[in-house]
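Listed next: structures, encoded as structure tokens.
Presented sequentially are two complexes of subunit A, the first with subunit B as partner and the second with subunit C.
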Partner chain A sequence: MNIVRGAAPVRAAPLQAAPITKRVRATALVPWLYLAPTLLLLGVFTYWPLLQTAYLSLIDWNLNPSQPAEFVGLENYGRVTGSTLFQAALLNTLIYIGASIPLKVLLPIPVAVFLWSMGQRGHLYRAILFMPTLISFVVVGIAFLWILNPIFGYAKVIFAELGLRFPNLLADPDAAIWVIIGISTWKVLGFNVLIYLAGLASINKEFIEAMRMDGAGDVTIFRRLIWPLLTPTLTFVAISTIIFTMQQVFTPIDLMTEGGPSNSTTNLFYMIYQYSFVTFDVGGGAAGTMILFGFLMIMAFVQFRVLDRRAQYQQ
Partner chain B sequence: MASISFRNINKFYEASQAVADFNLEIADGEFVVLVGPSGCGKTTSLRMLAGLEQPTGGRIYLGGQDITDVPSKSRALAMVFQSYALYPHMTVAENISFALTLQKVPKSEIARQVQQAAALLGIDHLLSRKPRALSGGQRQRVAVARAIIRNPQAFLFDEPLSNLDAKLRHSARVEIRKLQQNLGTTTVYVTHDQIEAMTMADRIVVMEGGRIRQVGTPMELYRNPNSKFVASFLGSPPTNFIDGECVHENGSARFVAESMEIPLNPMTASGPVTVGIRPEHITPVKTASDQIRISGGVRFVEALGAETLVDLDLGVAPAASRTVTARLAGQHNLAAGTKLEIGFSPRDMMLFDAQGNAVSGAFC
Partner chain C sequence: MQLSRPMCIAGHIVLLAICLSILFPMAIVLTTAFKPMNEIYAGGLLPQAPTLENFKRLFEKTAFGWYIWNSSGTTFLRVIGQLVIGVLAAYAFARFRFPYRDALFGLVLGAMMIPQVLTMLPIYIMMAQLGWFDTWWALIVPNLATPIAVFLLRQHMMSFPNELIDAAQMDGAGHWTTLWRVIVPNLGPALAALTIIIFIDSWNEYFWPLLVTESAQSRTIQIGLREFLQEDMNDYGALMAGIIVASLPAIAVFLFFQRRVMDTFVSSGLKG
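For the complex of A and B:
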């Protein structure tokens, strides 16, 4: 291009200036073109809905397009947070999360270490444990409804054989949430075991042998070698499980208890669904969503701060 | 520090036998190198000594005590792994001191010993680094420091130099040997590199197919290999072998291979035999009257400056070509295709029977 420009008569230079600037502008546009699909999708499906939800949380509307929306300010927030439904949902959300740390994040570790130490023979158990992950949660929910059915359920029949009376767990406000937690743990355990197994597979067996030669027993090897080298995997499992748990239990809640009995199994996700699509209280649902959004942001921030700092990364 | 003895050790992995009838006595303070090609059972033998593998049969003794059923952690042996196996989440100092912290040695004492071991290996400036920030040579030193700090009964080395470049390997060889001589610790060293075996060992154990082929000092094995395998494995470039036949006639015996004829001791049994001659024992000049002289065409020349490696084709027929490699001192201006006469003394030659076993006193 330099040669062409140099060879051109001096008078022609101002005429050429225009196409060059145009070309420069086109070049500057190229990165944006590459980014466009992602930006477009993020904009349309994430950021625009977020702004829209923030707006909806400030109005009173019942989802009917012919009904005028009325601006009510922060009134929806006060109404939602003051409701017993929200208080129950928030408390249950904390219970779901609190229970998922020992059951879904920590319990798979000893299982994975055990399967790992079995070597080749562990493959079959791994496959069996992974099976629940592959089954649709709707199928799982219905299957457990049958098992736990107080009139003709398998659990009742088996208990009767043993001369015991099977309690109606799903009708008991204290027990129902643990049924949901139990089922969701059963479903996700094998998946998390698999992730931990992948983390364990990246640990060089010679580290373990070196530690044995250094005089370490199994407990020391786990505490001083396997655990620290497994922390990056633990971080990942903890963050994904906690965020995933909040959505994952939606299906069994909707299918098995619909949040009941007396709001004992509902969580923030299900509450939002009830506000928006059961009672058509769009403002309430949007306000709940914004609260949940803030809640998740805080959770993610805390997790990154607490776990990431302690994680030991390999080379 | 202690003596080590392997008695009738066997190791099977399902159907295949990795180590067969392994018997070896290692004296206190001795440096023994197990050498052999891949899959010869040398690493398995070392790992059985370490307690990382359990022998299928036989007993292992350390300082006179049967340790066959003692777990690795209680054997008081230190091992340097091929991959070094430095704990990636610990600093160099933590890596070196790990065994001492398990033994609940007081902190000030640990610090002193770490400092001492690190100084000995010239890594005292690296103590606060993580292994990932070290070069291969530095990692290897940390691994050695981790082994010596324990003041173990014996050092076990599993191909510790195979991940280093050639120059570093040479200096590490010398350093490990010096260190061992200063500390006087019994050492078992596994390698597939015959140069490491020759330069470092008090005694070499040559293994093949799970069995010990020969045990001896480097010079014993070099001068009197008991088999074709040992003769070919030790020495670089490897020993030249010429297949032929031992023929008896009128009470005298000769080695015959095409046009080549070499007188043999009449006691040698007739039949197919192989002559071995090391490349360094071949000279172009006639140094002794009893030299065997042959001539061949130069095929390939590798000039190394201090010496020249010449591949000579002795073949009569091109299809049955036979090559010998000569290692000539200094520089030789030889072009491929040149005819060259070479000679070697019967005193330097080795004879092997059809099974590959050495026949002693075959040359008069």
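For the complex of A and C:
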């Protein structure tokens, strides 16, 4: 791209040339005025805090303004990675992400393809699928706390009618994490279906008719046409799922288990929250944040490499 | 596209199962909220003697009026503020050429991929230094820049017919007038989609308000519900009533803009 010094509307030519340099300078400022609020806000509230977290990870401080912060170098990192909480959180984070790939990234694909094939007639399905996106994780968490309540919950009543005893899932260290995973899947499935539908909308249906004429079946059409054309969308969904799954499960964890029983549902996000705002260990929280940052970078990069090699078709 | 018959039937079965698993918990919440105390723990889906008791108790036991006021006020201001700031930035990226434009656009988009957890500690300390705890400032200001809005609006502005803009500028309209009088009125579907996204995001926000609101009068609905859950663990009737009150506005806003949004999403909006 040819970068022009000074600002000019992209296509509309100015009616008269501006010979005076002062005027040129003034117009050069115009786009920056339009951009100023966004750039300022992102600088102050996104990019600067990222750098500052790196600094905070090197100090020992308890959020108390009258307490001076003490520089301790990399000590926080050693303390955090050595704790059993961190090891549990890291393992659970891998489980959360590992379970999210089939449930939140792959499962929506056949659902979306089916809805797409139905065209306008799938409207009701789409509306129902989208409903969980509208309500908050707090609402979902409280609703399922009630349904799964081991003493008077609905699930217990249904189990009793079938002659079964309903286990207290949230108190079981092996089962609790799957309750959280199930709830977050329940909540985001419809949204991901919608994103895949957006990707599918750009596929020309005439290709499919042509393949049909040549005698291709559903499976062939999916493998040879839909899947390759959907790969860019898949990359997007996969990377954003990896980055945001931890944020999505934070609310159910906080409401339903608080990381327990015996750290079986905590993850890196919740661990950082506990370090920073429960025990007020700023250095530990910041060190955990930097570790999480590195972890996300690696995961996103790996995903990108794996999926990008397959994204060979461009529409 | 026409699927073969067995595929079609299998698809309907799977989708019906998914839809039922979505609707059933919702039905339980809805009916529980209208049940009197003695029925709540007895099982059975429909209330025998429907009552508004639970809603009454909700407002008596908690500062729910304050929660609604705080959630509505901050959400309203955030939607307006985020849209205006997004429109301005999108206009700069769509219609000007200036140094570092593409790099800056990359930085704006990159911010979309930075989860809040990575930046919250320094912002929290910043709020403490500014004395913004328990105020709307803390809930609104750190969230005002919206990369997805810049991205979506820029796309729509770039596909805007140049003839109209040229005509406006021929008539002597400057950038400011062109933007607000000519371009913005034609961005309806994109603005509707963004209104829903920002509204839901703000209304349902949990993590940030949890950190910066402490007094009962400054809490938002989501944090108020959490507080109520922890104080009154077993009053599930009132909790279900609270859930319904907390969910209605987002559903209403969605239904109001729905048609335009589904179209925007599916036809032009989010392409990976």
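We adopt the following convention: the second predicted complex is superposed on the first by the 272 of 315 C-alpha atoms of A that agree within 3 Å, B and C clash if a C-alpha of one lies under 4 Å from a C-alpha of the other, contacts with A are read in each partner's own complex, and residues count from 1 in each chain.
The definition used in the following text is that a contact is a pair of C-beta atoms (placed from the backbone, for glycine too) under 8 Å apart; a residue touches a chain by one contact, two chains touch by 3 or more.
What you are looking at is a predicted structure, and each value in this text was computed from that prediction instead of being measured.
Participant: If you stack the two complexes on chain A, which partner ends up touching A:74: first (subunit B), second (subunit C), both, or neither?
Facilitator: neither
Participant: For subunit A, which side has the bigger count of touched residues, subunit B or subunit C?
Facilitator: C
Participant: After lining up the shared chain so the two structures overlap, which partner does A:164 touch, if you call subunit B first and subunit C second: first, second, both or neither?
Facilitator: neither
Participant: In the superposed arrangement, does A:297 touch subunit B (first), subunit C (second), both or neither?
Facilitator: Neither partner.
Participant: Classify the contacts of A:225 with the two partner chains as first (subunit B alone), second (subunit C alone), both, or neither.
Facilitator: The answer is first: A:225 touches subunit B but not subunit C.
Participant: Going by the contact rule set out at the top, does A:210 touch subunit B (first), subunit C (second), both, or neither?
Facilitator: first
Participant: Just checking: does A:129 make contact with subunit B only, subunit C only, both, or neither of them? Give me first, second, both or neither.
Facilitator: Touch status of A:129: second partner only.
Participant: Looking at the overlay, does A:195 come into contact with subunit B only (first), subunit C only (second), both, or neither?
Facilitator: second
Participant: Output the subunit A positions appearing in both contact lists, the one against subunit B and the one against subunit C.
Facilitator: 212, 217
Participant: Considering the complex alone, what residue numbers of subunit B touch subunit A?
Facilitator: Checking each residue of subunit B against subunit A gives 50-52, 71-75, 77-79, 81-83, 85-89, 98-99, 102-103, 131-132, 146, 150.
Participant: Can you name the residues of subunit A that touch subunit B in the complex?
Facilitator: It comes out as residues 204, 206-207, 209-217, 220, 224-225, 228-229, 312, 314-315.
Participant: For the complex, which residues does subunit C have touching subunit A?
Facilitator: 1-4, 7, 11, 14-15, 18-19, 21-23, 25-26, 28-29, 32, 40-41, 43, 85-86, 88-89, 91-99, 101-102, 104, 107-108, 111, 113-126, 128, 141-145, 147, 150, 162, 165-166, 169-170, 175, 200, 203-204, 206-207, 210-211, 222, 225-226, 229, 236, 239-240, 242-243, 246-247, 250-251, 254, 258, 262, 265-267, 269-272
Participant: Within their complex, state which residues of subunit A touch subunit C.
Facilitator: Spelled out, the residues of subunit A in touch with subunit C are 1, 3-12, 15, 28, 30-32, 34-35, 37-39, 41-42, 45-50, 52-53, 56, 63, 65, 110-111, 114-117, 125-129, 131-139, 142-147, 149, 152, 154, 157, 186, 189-190, 194-195, 197-199, 201-202, 205, 208, 212, 217-218, 221, 232-237, 239-240, 243-244, 246-247, 250-251, 254-255, 269, 272-273, 276-277, 282, 285-286, 289, 292-293, 296, 300.
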